[in-house]
Amino acid sequence: MNALMAVTVGFLYASSVYLMLRRSLFKLIIGLVLLSHGANLLIFTAGGLRRAQPPVLPPNQTTFEIPAADPLPQALILTAIVIGFGVLAFALVLFSRAYQVTHSDDTDEFWKPEI
Amino acid sequence: MAEIATAILMVIGGAFMLLAGIGIFRMPDLFMRMQAATKAATLGIGCMLLAVAIHFQDVSVATRALLVTAFVFMTAPVAAHVIARAAYSVGVPLWEGTLRDELGEKQRGGEGKGKESAGGGSAYGGSSLRSDGDGQ
Amino acid sequence: MPSLILRTTTRFMMPLLLLFSLFLLWRGHNEPGGGFVGGLVGASAFILYTLSFSVQATRDALAFDSRSLIGVGLMLALTAGIMPLTQGQPFLAHRNFWVKLELPGFGQLDLGTPLMFDIGVYLVVFGVALTIVLTLTEE
Amino acid sequence: MIMFLWNLLLAIIWAIAVGSLTLPSLMAGLVLGYLSLFFCRRVLGESNYFGKVPQVLRFIIFYIRQVILSNLRVAYDIVTPTHYMRPGVVAVPLDAKTDMEITLFANLMTLTPGTLSLDLSEDRTILYVHTMYIDNNDFVLTRRLIKEGLERRVLEVLR
Amino acid sequence: MSLLGLVQQSFQGTVSMDLLTAVVAAFVAAAIVPILYPLLRQATGWFLGLATLGLFGYFARFLGSLPPGGITASREWIPSLGFRFSFLLDGLSLLFALLITGIGALILIYAGGYLGGHKGLGRLYVLLLVFMGSMVGLVLADNLFTMFVFWELTSVSSYLLIGFDHERAEARAAALKALLVTGGGGLAMMAGVLLLGQMGIEAGLAPEVCFEVSQLNTVGPAIKENAFYLPILLLILAGAFTKSAQFPFHFWLPAAMEAPTPISAYLHSATMVKAGVYLLARLSPILAGTVEWLWIVSSVGAITMFWGAFISVRKTDLKQILAYSTVSALGLLMLLLGLGSPAAIAAAVTFVLVHALYKGALFMVAGIIDHEVGTRNIQRLGGLARVMPVTAVAAGLAAASMAAVPPLFGFIGKELFYESTLHGPARVLVTTVAFLTSMLFVAIAIMTGVRPFLGAMTDDTRRAHNAPMSLWLGPATLAGLSLVLGLAPFLLDQPLLAIAHQNVLGDVIDAEHFESLHLALWHGWNFTLALSGFTLVAGCVVYLQRDIFRALPPHFGRWTTDGFYDMVLAGMNSVAKVQTSVLQSGYLRYYLLMIYLTATGLVGYTAATRTNLTLKWDWSDIRFYEWGLCVLIMLGSLFSAYSRSRLTSIAGLGVVGYCVALLFVFYGAPDLAMTQILIETLSVILFVFVFYHLPPSKKLSGPFTRLRDIVVAIAIGGIATILVLQAEQVKYFTPISQFFVENSVPKAHGRNIVNVILVDFRGLDTMGEITVLAVAAVGVYALLKLRPQGGKA
Amino acid sequence: MTFLASTLVGNTLVASAATVALGMAGIGFSLAFIRLVRGPSLPDRVVSLDLLGTLSVGIIAAYDIMTDQPILLDAATVMALVAFLGTVAFAHYVERKGQDG
Amino acid sequence: MNLLLVLPLLIPLASAAISILFWNSIRSQRWLAVLSMAALFVASLRLLDEVWSGDQILVTQMGGWPAPYGITLIADLFSSIMVVLATLMGLTVTFYSLFSIDKQREAFGYYPLMHVLIMGVCGAFLTGDLFNLYVWFEVMLMASFVLIALGGEKEQLRGAIKYVTINLVSSAFFLAAVGVLYGVTGTLNMADLAEKCNSEQVDPGLITSISMIFLIAFGTKAAIFPLFFWLPASYHTPPVAVSAIFAGLLTKVGVYALIRVFTLIFTQEPEYTHGLILVLAGITMLTGVLGATAQYEFRRILSFHIISQIGYMLLGLGLFGLAESTEVKLLGLAASIFYIIHHMVVKTNLFLISGVVYRLQGTYELKPLGGLYQSCPWLSVMFLIPAFSLAGMPPLSGFFAKLSLIKASLQAEEYAIVFVALLVGLLTLFSMTKIWAEAFWKAVPEQPNPRSKRKSTRVIRKSTENTYRMLLIPISVLAAITVAIGFFAQPVMEASLRAAEQLANPEFYIRTVQGELS
């Protein structure tokens, strides 16, 4: 089953890269969101997949009867998701402020040469 | 006994959920899609959660299942309503087979304008959302 | 003006959502949930309120600034981390800060600095989500 | 309302007395408490609580039946190739006055397939309902069916 | 040991305070000038001059009493790099130290007169003193890095001094030119010195002392045999040649005449430009005596010598003439050092002194003329002897010394010069060049030191006044010394020059055949004398026919490295512009493209070449709903990519998010799923609110760009896929999460291990995370509420 | 068909029913997605997103039963809670957009 | 000694939280900012002293969980030096900010953001856990995002978008790399990773491939070629105090991370990885300095120089991997550390000076600037010191930094890089003199830029004179440090060497983390 997840991750990365290479600011930020999805799923998959065995111990038990999913990648992803949200929120506002300044989505109108 | 009940409820629930999908896929205008989708799905979820409650035979699970059910039944119609209201207000068209639009008639009467087509009256005069959310 | 139907429903759902968010926070240590999820659900309640009424209504309803929630939350989490330091333990060493309580209706309780930490997280997340949405909606 | 709280308190006392604060014991407490309250109704003074409970139960049964029936009708329409519906937007003048009444009515109506509350007039007297099956193109009848069927019952329960 | 202790320790060490004080003295003086100047004003120059004379006296004390091996002083500095503050006062350094402090004293006085009332005079004193201190340090340093530090300090102070008239663009350009040329050479020299130290260690020196000249002297032969000898030599020569304005690096020196004359006189004739010469002299025992040394140093010197003199005659500006003649004189010194024979070194040591005396005087005279007349054009000068008789006498004496007229000191120098060329390699050629140069020197001497004072007065000179004593004291003293030393060379030959001579030669010459330097005016009737005489006559002829030189095409001689310098500068500027406009195009997507390409290249290439990927594509055991979800994720992302409507894209994103959440559910991550669902919803809300007032987006890029981007995207996606597969399959160790599972309940009192990790096992992460969130909220708030109001920053 | 078989390994009645339910819900989910893609209006898409959320609740419930993991139900609860919020936000947007013209 | 390791995180976080609580009282925020930064600086000095005098590596396990499992905070000499520098920059820039940041920005969270920025930087320096490092990177970045955009001026927004986007991409790379590495090794603790990645059973090629992702991620943060674009695009846009703290700290965190992981973890195939780093360092030096040559704006010149200097800092790391003898390895690393120390002080100071220049003449463009040498002699001297130090002029700090790098390169027989380093040094000198000549030496141009506010500031008025003097205090302090590092280079060099020694012998680090030594 790893192949499917791996391909999905790759696909997310590819589409995010493609989007970020567009001239549109909006697509750029969509690309950023997909990129974070890709990264999260990457950690999730790389850490090893296990179906339907959440790392929550049953009451009064200190071990799992059936091996459960690795909790650490989950914790990492959770952190990454939340951080990503904070960053995304800020980036969104930043981009919208940029729109207000330029009234254009075309980044080529927005940037100017830096020399 | 509980197993059979669970199984039946699940199949029914699944069937309604499928129905919701078909409905939203097939119905000719937004409002009828909503009609089909919201209710069938809500009912389907109700069945599913009932199945959960029966299957696990655990108070806390059952409580939560019921809570979710209640919640869904509470919110689904409101969600449908707010979207329908918004969609109507921006002029999402009604199906051509629509018999009569009493809301539109009233508004046109109030504004003294004579628009003919059903659903053509937008409460706020906005028509940009007719074909797509934010234009091209 | 948002729909009356929405407004009425929201008024009913608010306490429900807040209760649920506290529930998630409370049992997060043992079941899925925790400060993040709880805080987000809690904020959702007020976000829903904002969407159904207005930003001003939410500010009035809150009666305090959402920013101060962030500050308080941070301080709380920090305090939870610092408390072990006072006993020569490492930062965030929750291990020796557990109290077992028997409470009727709640069963046996494991109370400790992790919960305090989680409450801090809850408040921060709550405040952050609210601040962001309220500010944006005001625009 | 006071009665309901009484009932709830009795249920909790029951559950504690039984020694298990669980859902079944609470339910049992609720039913037993209702019964005891019912027998004391003269002592405690008149209340419509005891009339309300059967009313609510009756309403729930009615509503579930309604939901299932209309769901089936819509389902049939969805899965068959031809569209049988005769939709339209019906203006329903409201007897419901309070926020609660209007909301409950509108929501319950929306939950039954075939009707969808579209908008409320600004003076809160008319609810516009999108209806899928306006039989015989008869708007008056449809209006009446909605009012007599659902609204009446909702108001009965609430008032 | 505490840090403070280490600092304290670096103060200690074996110190001979006197020598160190001498090094530091000028810097201290510089530091107090800002306090002194407002108090003393006009008298500052005299005060500082006299103070410097004290320093001169300190050094003069050692005349004749210098112990063999000199006086040393040292202090630890950076032992870990082999740096020490170590100083050595031997004959060579004494010679230079006396020149620096002696002429320095005169210049300080002169400057007070020359720039009296100038608003920048205070700064000039500071810089001159800093320069003097650096120069003293340079010539006294025994450690090559200590020397290098002072070397660079002289470059810096020279930069600031040349740019003294900083509001003039020419002055700034000249200062920059000098700095870049000497600085560049300095850098090369640094590398050379480093290598030299390294070779010293290889030759057996301890690392702590590998940069001590006195130590390196002992391993000279080994270094000369080292494979790195030539690179070292070239690198060090680069430093010396640039500093001493050797062809082809000479061009900065004439340009540096933009500086006021006191500066030109001090830095660019008497002292700083001789640093290169000093360096080569100092390193001669280590590096000299090889064929490479002989040919490189002497031929560069010879070319410079002739070329400088030749250009000099063509000039009409007094300072330009003197500058080019200085270039020439420096070439002469290089030539002598290159030849390296005891005679040549004797000539070199003597000529250093000769040149400093007469050229310093002539420069100061030029300054007086400029100051009193207002022009430096020799064609507009004449008859000044009537106005300023003392100056005229001084100029005449200096010119005579330059022209090597007996009995002036210059004559002795010239004799020794011919002596060494006549007995060196390629003697006909070298002597011919030497003769031609000397002949031109005669002409230059007449042009600068005689001609302006004789003949009829011109319109310009008629308005001239006599110079005050502060101005003429300097040239008069120096010129007087030229005469005194010519008549009584014994005053300095044994006490100073002979020791210096020996220091330069070091162990190269075996002691048995070594003759100590002995100066005399009269060497009897010999060929050298005849040559000298002939030189004088020929020089006069050249002077009379000087218009022939000037008639040569004007651009002749401008086709030099000066033009090359400009070309390099311009070239560098345009390369920089092109590079920047290509790399720093301003377009974010190009930046991203570059980053992605780099990532593809580095990771892809490395993975392809350095590891055997054993990728097992496991397509088995995939549930249908997993298929469904993954396909939906892909379709959803495609959809949000391709949808032209923004809100539709956002809805598509929502689908991807919910599907990812479902995946989390399926793979046993309820906490993740819940968080993902909540965050996704919140994000959608934010998106909707933010993109509420946006203009529509257009299709903006062409098919080629799209294709290119697709290729890059697929490459990145492919790499991600492969890495995930690999990481999923290769599990070398038991993950640490096993610990969390085992300890979650007993030690951390929680059954939800993910949450326990978040608040307990890895609580610090969470602490950081909520901080990020808090900052994000502050950021959103600030960004939306704080709007710019005008251009405040 | 292997995947179907593999999910039926538990071969209880409930598991089979769950698989069937999951399948049906999945198809419904996909149809809703198609509507999301097709639009044509923004409200259409909002409705389908809302439906996707609602169906997710059902899917999670079915998956819970199939795998006997009640813990995962919490995700469903949260989903039910917030899908509504998203829909309201969209509706809010649609209306304001209309007002702004 | 737990406390010393944690204080660099606690003090700023508490200050930030309190500042947020006292949002409306700018006065108290200002006081708190200075006091907290000063306290932080003192605490970090204590930390350094502890590490130095005990000749030890300080370590504490967060939450008391044993080493590879919990998060380790660890301070070796390199870390503690970096923390001291970071807090010193924090202190000076905060002091500078008191007199230069406008009321508006102060009212919108400038000080709490500053605290958080410092906290993120300190966290990154002190953590011994790879994912925790990611978190601190994000903390630092988030604060920097806000700081760079705070004020919302057009130019700022332009720069900020590039800055934010590229940094987010690099964070995503970092995150992915951590995920993959965890998948392969099952651990996050850096000491544990060091041990596991270098054990026999692990395929070194695979680890090297993963290390390339880290190189991209950290390289972007450190602004190496060809990943540096965000830096010149953004550093000149925010208020100068922000530019200054960014210039001093942010890229150095990237460099720190590169040095850390490529000495501790990724040492499997040094001739490949470190060779690559060396090549990149060379190109970075060249492109950066050429970029500066093309600029005529004060802060842009400085920004491009950051890039070129990053090349120098990585040069030593490259040599560490390539050199054969231990001595040269150590010298290379030590030189890099020395360079970082020097650079942080000098570059921050130059930015601060550019701010004073802006305040006096209302522009950062060199063309309309002029006359400062006449009007502000003290400022001129204060500029010359860091400028010549940056160019590597002795006896200032930059000289020894550059010199030890070149020495190490020569000993490692990497002559090409020696040439590049020398050439870049010369070009740096060129750039610095360009600023000097244009802004300080040149007379005020005849037709001043109409936009500049020169007329009002031509003569420094009494009211601003005090501000001017206050701004010169941190500048003079930093300049004094620059000179002091030059004159007392020995302690700094010895510290760098000892830090390098610890880096080059990871066993000590690993065993300390594992608790065998404490």
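Going by the order they are written in, the chains are A, B, C, D, E, F and G; count residues from 1 in each one.
Following the convention adopted for this analysis, a residue touches a chain if its C-beta (ideal position, glycine included) is under 8 Å from a C-beta of that chain, and two chains touch if they have at least 3 such contacts.
None of the values given here were measured: they were computed from a predicted structure.
Engineer: Between chain A and chain D, which partner chains are common?
Structural biologist: Correct list: C.
Engineer: Name the chain with the Cα centroid closest to the overall protein Cα centroid.
Structural biologist: Given all protein C-alpha atoms shown, the central chain works out to be G.
Engineer: Can you name the chain that lies farthest from chain E, using the mean of each chain's Cα atoms as its centre?
Structural biologist: Chain D.
Engineer: Consider the two chain pairs C-E and C-F; indicate the one with the greater count of contacting C-beta pairs.
Structural biologist: Per the contact counts, C-E leads.
Engineer: On a CA-centroid basis, which chain has its centre farthest from chain G's?
Structural biologist: Chain centre farthest from chain G's centre: D.
Engineer: Could you state the distance in Å from the CA-based centre of chain E to that of chain G?
Structural biologist: That gives a centre separation of 25 Å.
Engineer: Between chain B and chain G, what is the separation of their C-alpha centroids in Å?
Structural biologist: A distance of 56 Å separates the two centres.
Engineer: Taking each chain's centre as its mean C-alpha position, how far apart are chain C and chain G in Å?
Structural biologist: Roughly 37 Å, centre to centre.
Engineer: Measuring from the mean C-alpha position of chain C to the mean C-alpha position of chain D, what distance in angstrom results?
Structural biologist: 34
Engineer: Could you list which residues of chain F touch at least two other chains?
Structural biologist: As it turns out, chain F has residues touching two or more other chains at 22-23, 29-30, 39, 42, 45-46, 48, 63, 69, 71-72, 74-75, 77-78, 81-85, 88-90, 92, 97.
Engineer: Do you know which chain C residues sit against two or more other chains?
Structural biologist: 2-3, 5-6, 9, 20, 24, 30-33, 36-37, 41, 44, 47, 67, 70, 74, 78, 81, 91-92, 94-95, 125, 128, 132, 136
Engineer: Counting only residues that touch at least 2 other chains, which ones in chain D make the list?
Structural biologist: 106-107, 117, 119, in rising order.
Engineer: Write out the stretch or stretches of chain A touching chain F in their complex.
Structural biologist: 51-54, 56
Engineer: Across the complex, what residues on chain C touch chain F?
Structural biologist: These residues of chain C touch chain F: 2, 6, 17, 20, 24, 31-33, 37, 41, 44, 47-48, 51-52.
Engineer: For the complex, give me every residue of chain F touching chain E.
Structural biologist: 3-4, 6-7, 22-23, 26, 29-30, 33, 36-37, 39, 42, 45-46, 48-49, 52-53, 56, 59-60, 63, 69, 71-72, 74-75, 78-79, 82-83, 85-86, 89-90, 92-93, 96-97, 100
Engineer: Mind pulling up the chain A residues that touch chain G in the complex?
Structural biologist: Where chain A meets chain G, its residues are 20, 25, 28, 32, 35-36, 38-39, 42-43, 45-48, 72-73, 76, 79-80, 83, 86-87, 90-91, 94-95, 97-98, 101, 110-112, 114-115.
Engineer: List the residues on chain E that touch chain A in their complex, please.
Structural biologist: The touching residues are 577, 580-581, 584-589, 592-593, 596, 616-622, 626-627, 630, 633-634, 637-638, 640-641, 646, 649, 653, 656-657, 660, 663-664, 666-672, 675-676, 679, 682-683, 686-687, 690-691, 693-698, 700-701, 709-710, 712-714, 716-725, 727-729, 731, 735-737, 740-742, 744-746, 751-754, 757-758, 762, 765-766, 769, 772-773, 775-777, 779-780, 783-784.
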